[in-house]
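Both complexes shown next keep chain A, but they swap its partner, so chain B is in the first and chain C is in the second.
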Partner chain A sequence: MHLVGVSHPIQDARGKAAGRTRYAADLVLPRMAHVAMVFSTVPHGYVTSVDASQALALEGVYGVFHCFNTPEYRFNRYRSQYSQTLIPEEPVFARRVRFVGDRVAAVAARDLETARRAAALVQVEYQPLPCALTFEQALEGINCLEGESPIRDEFTMEIGTPPSLEEGLIAVTAHTELGRLHHAAMEPHVCVADYDPDLDELTLRSPNQSVHGIRTVVADMLGMPYSRVRVVKTTMGGSFGSKQEWTVEPVAAVVARQLRRPVKLVYDRAAVMRSIVCRGPMRAEMTMRFQPDGTLVSLDLDLLSDAGGYIANSSDYVHTLVGKMFRCYRIPYGRTHVRLVSSNTPVSGSFRGWSSPEVALMLEHTMEKAARVLDMDPVQLRLKNVLLPGERDPKSGLPMEEVRTRECLLLGAERFCWTEKRREDAAFNAASPRFRRGTAVACGGHGNTYYPRYNDFAGVEMRMCEDGSVQVEVSIHDHGCGTGMAFQMIVAEALELPIQQIRLKEADTAHTPFDFGCYASRGTFVVGRAAQLCALKLRDEILNVAAQKLDTTPDRLYFDGPSVRSKDSPEITLSYKDVSWYALGTLCRELTAQEKHAVRSNPGVTGTHFAHVEVDTWTGLTRVLDYLAVHDIGQSINPEMCAAQVQGAVQMGCGAALREEIEISSNGQSTCSLAKYHLMNAPDLPDIQVELIQDGRSQEGPYGAKSIGEVSFVPAAPAVAAAVNQALGSDMGRIPMTPDRIMETIAKEGR
Partner chain B sequence: MKLDFFVNEEAVTLETQPQRRLLDILREDLGLTGTKEGCSEGECGACTVLLDDLAVHSCLTLAAQLQGRRVTTIEGLEKNGELDILQRCFVEEIAIQCGFCTTGMIMSAKALLLQNPHPTPEEIRTALSGNLCRCSGYVQIVKAVSRAADEMGGRV
Partner chain C sequence: MSTCYIPKTVEELGGALGHLTEDSLILAGGTDLVLHLRAEHLQPDVLLSLCGVPQLRIIEITSEQASIGAMATMAEIHKAMDGLPDLQALADAAGGVGSPQIRNKGTIGGNAANASAAADLPPVLWLLNAQAEIMGPGGVRRTISVQELADGHQGNTLALGEVVLRFLIDRTAFTGWRSAFVKLGHRSQVTISRIGMAMALLQAADGTIQDARVVAGAIKPVPFPLPAAEAILRGKRPDPGLAVELGETFKGNTRRVYKENAAKGVFQDTLLRFQP
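So, the complex of A and B:
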């Protein structure tokens, strides 16, 4: 291999550095209207009237749309596949508002400033209803109307065989409670919609994770043929899961169709934080039972989750969480009891890792506590319990294949100077009256595809141009982490062409094949494999055509770089261009290939993170001194980009562990400013170290690749949280461990 | 108001409102969309531009403050089709992912190097403290600025 495994800047790095790359908010269409939203100011209630007269009186206002003057279009923001039978619970414009930030009206005007001024003039009256803002209030059902139940989903699931004898087992119970997280993709949510009333065609352009998912939702909602709704994925300024739920697209579609002109809807940061989606809150009690030697025997999880204002994906999210529990440790028996409630708070939903990071916080918190109870070194305790090659994921039944968690632990402990750091921390803490240091480890596993939860496949088409360069049609949804470049590398490697000879555009329902979208870390593993297989098929096609030209059989030919040679006539060399010309000019056909790949595996993919922190016991502030992330990645396609993604996940994990939280005040208002929601910035972080273990190759991924985008986030917050607990000798389970909570713990428990 | 100022070394005259944000003037009136809006309140740094060689948030800078002054945006760095050293180092050091923070990040780095041509990694981190990146852990970004400073050798 000469390209795969060698670091390359991503495909649009140059355009992004120059400020030339166009994002959806940069698009301008003729006659385009700008849309501003009116959001609910009450957490729960009925909209009784909307008075838009003052707004409409402003010059340049084209229309105000709300539940009293627009057909009642409803949809399900989570629906991403045509076959999902989800209730269209969410109206485009709510009559019953369910949280502060729910959509009430949209104002379209000639420019954004006018639209925003007009939106501020729309008078909305509400008949308030009782609201639930906390777990307790939601459990009481104080926000339930007649016929509604406070528990929106409840189930118990058992995996494996319960231990025959509980006697002699050591039980460790930990309480973990997670706050709401904001994805904080730097690019706010945006959609540009264009409706052609003569052709009855709708085009939506947005940074999104599934063009076909949006098409399904919008076409069904508007009663349009799928073929007349075109969805184009634009350059994405980050997502982390926030752009896989449809919130702006249905609104822009409705307004564009009502107005019969193009519209642009851009949310500002406050609207993104309040009205799009957040990682929802969870409360968990987990009990692990061990043999005295540290062998994990069984696990019990009792989980309470809050869906927020709409159920959206929350039911699936908690079901998925149960499966994600078994992706790292050997758990002979697991029993989970899950309850889901719905409150009048921002909608909970998809977040990077889709419940793997959440369950890892619970697992690692309990594991950390167990290490103390069992008086075992945390690395040794994990070494004893991590899944090894040859073992299976007990939930899915699929082999973990060449999983390398053990190697991650061993390499990490050595590189991080685990034993020395722990010893030095003890000496430091004994001598320091103010600062406390802690070193901790956390492991976490994830998947590479939907399979076997759903059948998962991808299709790719390729055509060779007259000059031998190649156009690829594939529905990729690059989040900004360079999927486009990774795919160019995969295809170029297979065809032995320079990267510049491969052209690849992102998902567009009008041109690229059907795809489920970028979820479940399936991009490289599933779609990338399809691209590799399609390239190999194109190679076969090149040989077939070359054989016809040379009047021989393909087995008498071979590839020598991007050219075909004959075993029988060494002087003959055909370039791809020669072969393409022959196909077009003589055979009257284009050199093309079409391939699909249906996945049949989902190998173990894990990360092991090491964090060293210092807690200021006078202020409660925590500094991350040193950090190492070790990942079992199979073959990395573009290694430096993988490392950069891992470092980004660590940045996000440090924030999630120490400070990031959307808080809800007693009137239902939620944190909606980056001034109050603190991300880790450059001075806050150490030089994060990354090690990639690349010999645990997958059987099905391209060149043995496994996933990285989500799994990198799984162990991050758990490692930092454990390091804080290690520093303080505490057992805090409330995440994030903000200075206030740390001071409270110190006051309660002493240092 | 009649506003006369300079954008990327070109004289610009506009009839505008004194309270209009520089960000909107750049993006909407002048079509310079390389400057990004991420938070509208000076927290994320995506809209950073240079005002007389100092980094400012264009979302917090109003037309009334611009009379006669020099604004440099990301579009002003590239000369004759060639990227500025800083831009090139961001590309080559793989410091760019989603790219939404990149242009603001580069402008903050530019302001730093104009003031301090030989910054330490700590000084770089401090100078970029007002620019948020959600994709990375800032490692490649700091490296890119460091390398650009080395390559410039004191000339900015």
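So, the complex of A and C:
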């Protein structure tokens, strides 16, 4: 291989660095209206009236749309596959508002300033309903209307065989509670919608993770044929799961259709933080039982999760969490009891890792406590319990294949100077009255597809141009991490072409094949494999046509760079251009290939992170002094971009562990400014070291690749949180460990 | 319809000030005002921009006095003051405001007149007994102490049509002093102060503190001096170990338990700045 495994700048690096790349918010269409939203100011209630007269009196306002003047269109923001039978619980314009930030009205005007000014003039009256803002209030059901139950979903799941004898086992219980997280993608949520009333065609352009998912939701909502709804994925400035749920697209579609004008809807930061989606809060009690030698025998999890204002994906999310629990450690028996409530707070939903990072915080917190109870070194305890090659995921039943968690632990402990650091910390802590240092490790597993929960496949089409260059049609949704370049490398490698000879754009329902979307870390593993297979098919096609031209059989030919040579006549060299011309001119057909790939595996993919922190016990501030992330990645396609993704994940994880939280005030207002949501920024991060272990190759991924985008985030917050507890000798389970919480713990426990 | 005035000289500014009404706004660096204009869709009858008066940006430091134009930016102040022992606290505070982008736009006049409780420069201006030179309509000037500039409710005492022209610090009162400012936020940079600590010490050759001034910010609506902390410091060396005792002086000054407890950490970080 000469392209795969060699670092390349991402496809749009030049455009982005120069500020030339066009995002959805940069798009301008003739006659386009700008839309501004009116959001609910109460956490729960009925909208009793909307007075838009002052707004409509402003020059340049085209219309104000709300539940009293617009047909009641409903949808489910989480629906991303035609086959999902989810209740369309969410109206485009709410009559019953369920959280501060719920959509009440949309104002369309000639420019954004006018639209926003008019939106501020819309007078909305509410009849308030009792609201639940906390777990306790939601459990009490104080926000339930008649016929509604406080528990929106509840289930118990058992996997494996319970231990025959409880006697002699050591039980360790840990309580973990997670706050709400904001995704903090740089680009906000945007949709440009264009409706042609004469052709009855709707075109939506937005940064999103599933063009076909949006098509399903919007076409069903509007009662339009799918083929008349076109969804185009625009260059995306980050998602982290927040653009996997449809919020702006249904609104823009409805307003464009009502107004019969193209519209652009751009949320600002406050709206994104409040009204799109957050990583929801969870409260967990986990008990692990060990044999005295540290072998994990069983696990109990009691989990309470809050969906927020709408259920959205929360029911699926907690079901998924149970499965994600088995992706790293050998758990012979696991029993989970899960309850889901719905409070009047921002909607919980998809977040990078899709419940793996959440369950990892619970697992690693308990594991950390167990190491102390068992008096075992945390690395040794993990070495004893990580899944090994040859073992299976007990929930899915699929082989873990060549999983390399053990190697990650060993390599990481050596590179991070684990033993030395732990010893030095102890000496430092004994000498320092103010600062405490801690070193900790965390492991975490994830998947590469949602298979076998659902069937998963991808399709790709290719055509060779007259000059021998290749156009690829594939529904990728680059989140900004260079999926486009990775795919060009995969295809170019297979076709032995320079990368510049491959044209590969992003998903567009009008042109690219059906695809479920780029989530579940399936992009490279599933869709990338389809691209590789399609390229191999095109190779066969090239050989077939070349054989006809040379009046021989394909087995007498071979590839030599981007050309075909004959084993029998060394002087013969056919360029791809020669072959393409022959196909077009003589055979009267285009050189094309079409391939689909249906996944049958989901190998183990894990990361092991090491964090060294220093806690200021006088101010509660924590500094991350040193960090190492070791990943079992199979074959990396574009190594430096993989490392960059890991570094970004560590940045998110440090913030999630130490600072970041959307808080809800007593009147239901949520944190909606980055001035009050304390992201971890570059000055506070150490040099994040990344090691990729590349010999645990997958059977089905392209060139043996496994996933990286989400798994990289899984162990990050757990490692930092564990290091803080190690530093303080504490057992904090409330995440994030903000300065205030650290100071409270110190005050309470007198450390 | 708004009128925007962009005077080019102090004299023109004096004339423009006469046009201001209760519905007018004054634009300095814009790092706060522009956000308000957008978020609240403000439509001032007059917007007076101070950006066009070069004289307002002048920083002039002599051995007797420091004169800092109201439109001097945080970045400029940091650069001009850094390394001057008595004025170091001002350099520290200006150099720690927001991000480099904010420091390139944000001004001392805006920071003081906007009078946010969490503003970093006011505690230092209080520490150094700065005076504010003010101009009103028609160019009428008066000078007040910075303590008089704050109204106690996160606003200022400027009358309609008044602006701050410059701040004056009498350096002769601080001959031989060193000063420092340390802030505690949620992170080390690009953060809003939860505690701002301005300290100035006059030390003997052996390090003994002969006189001390301590002013804290971001706790109450306006900065406040801590005479109890000053008393602890006098006669001692700036030993970081004093931080615990100094931290006790915060008790009763804030209802926030966190700030009360964290004060000793900020005291220690400040004392560390005075090590030989």
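Methods note: the second predicted complex is superposed on the first by the 751 of 751 C-alpha atoms of A that agree within 3 Å, B and C clash if a C-alpha of one lies under 4 Å from a C-alpha of the other, contacts with A are read in each partner's own complex, and residues count from 1 in each chain.
As a working rule, a contact is a pair of C-beta atoms (placed from the backbone, for glycine too) under 8 Å apart; a residue touches a chain by one contact, two chains touch by 3 or more.
Here the structure is a predicted model, which means the values were calculated and not measured.
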Touched partner set for A:H479, first chain B, second chain C, both or neither: first
Touched partner set for A:L398, first chain B, second chain C, both or neither: neither
Touched partner set for A:M641, first chain B, second chain C, both or neither: first
Residue contacts on chain A - larger count, chain B or chain C: B
First (chain B), second (chain C), both or neither touched by A:A13: first
First, second, both or neither for A:M224, with chain B first and chain C second: neither
Contacts of A:G237 with chain B and chain C, given as first, second, both or neither: first
Touching partner for A:M652 - first (chain B), second (chain C), both, neither: first
Contacts of A:I151 with chain B and chain C, given as first, second, both or neither: neither
Which superposed partner A:D740 touches (first chain B, second chain C, both, neither): second
Common interface positions of chain A, toward chain B and toward chain C: 675, 681, 683
Chain B to chain A touching residues, read off their complex: 24, 27-28, 32-41, 43-44, 46, 73-75, 77-78, 83, 87-88, 90-92, 94-103, 106, 121-122, 124-126, 128-142
Residues of chain A touching chain B in the complex: 7-10, 12-23, 25-26, 111, 113, 183-188, 235-238, 240, 268-269, 479-482, 640-641, 643-648, 650-652, 673-675, 679, 681-683, 685, 687-688
In the complex, chain A residues that touch chain C: 116-117, 120, 434, 616, 618-621, 659, 675, 678, 680-681, 683-684, 739-740, 743-744, 747
Chain A-touching residues of chain C, taken from the complex the two chains share: 41, 184, 186-192, 243, 257-258, 261-262, 264-266, 268
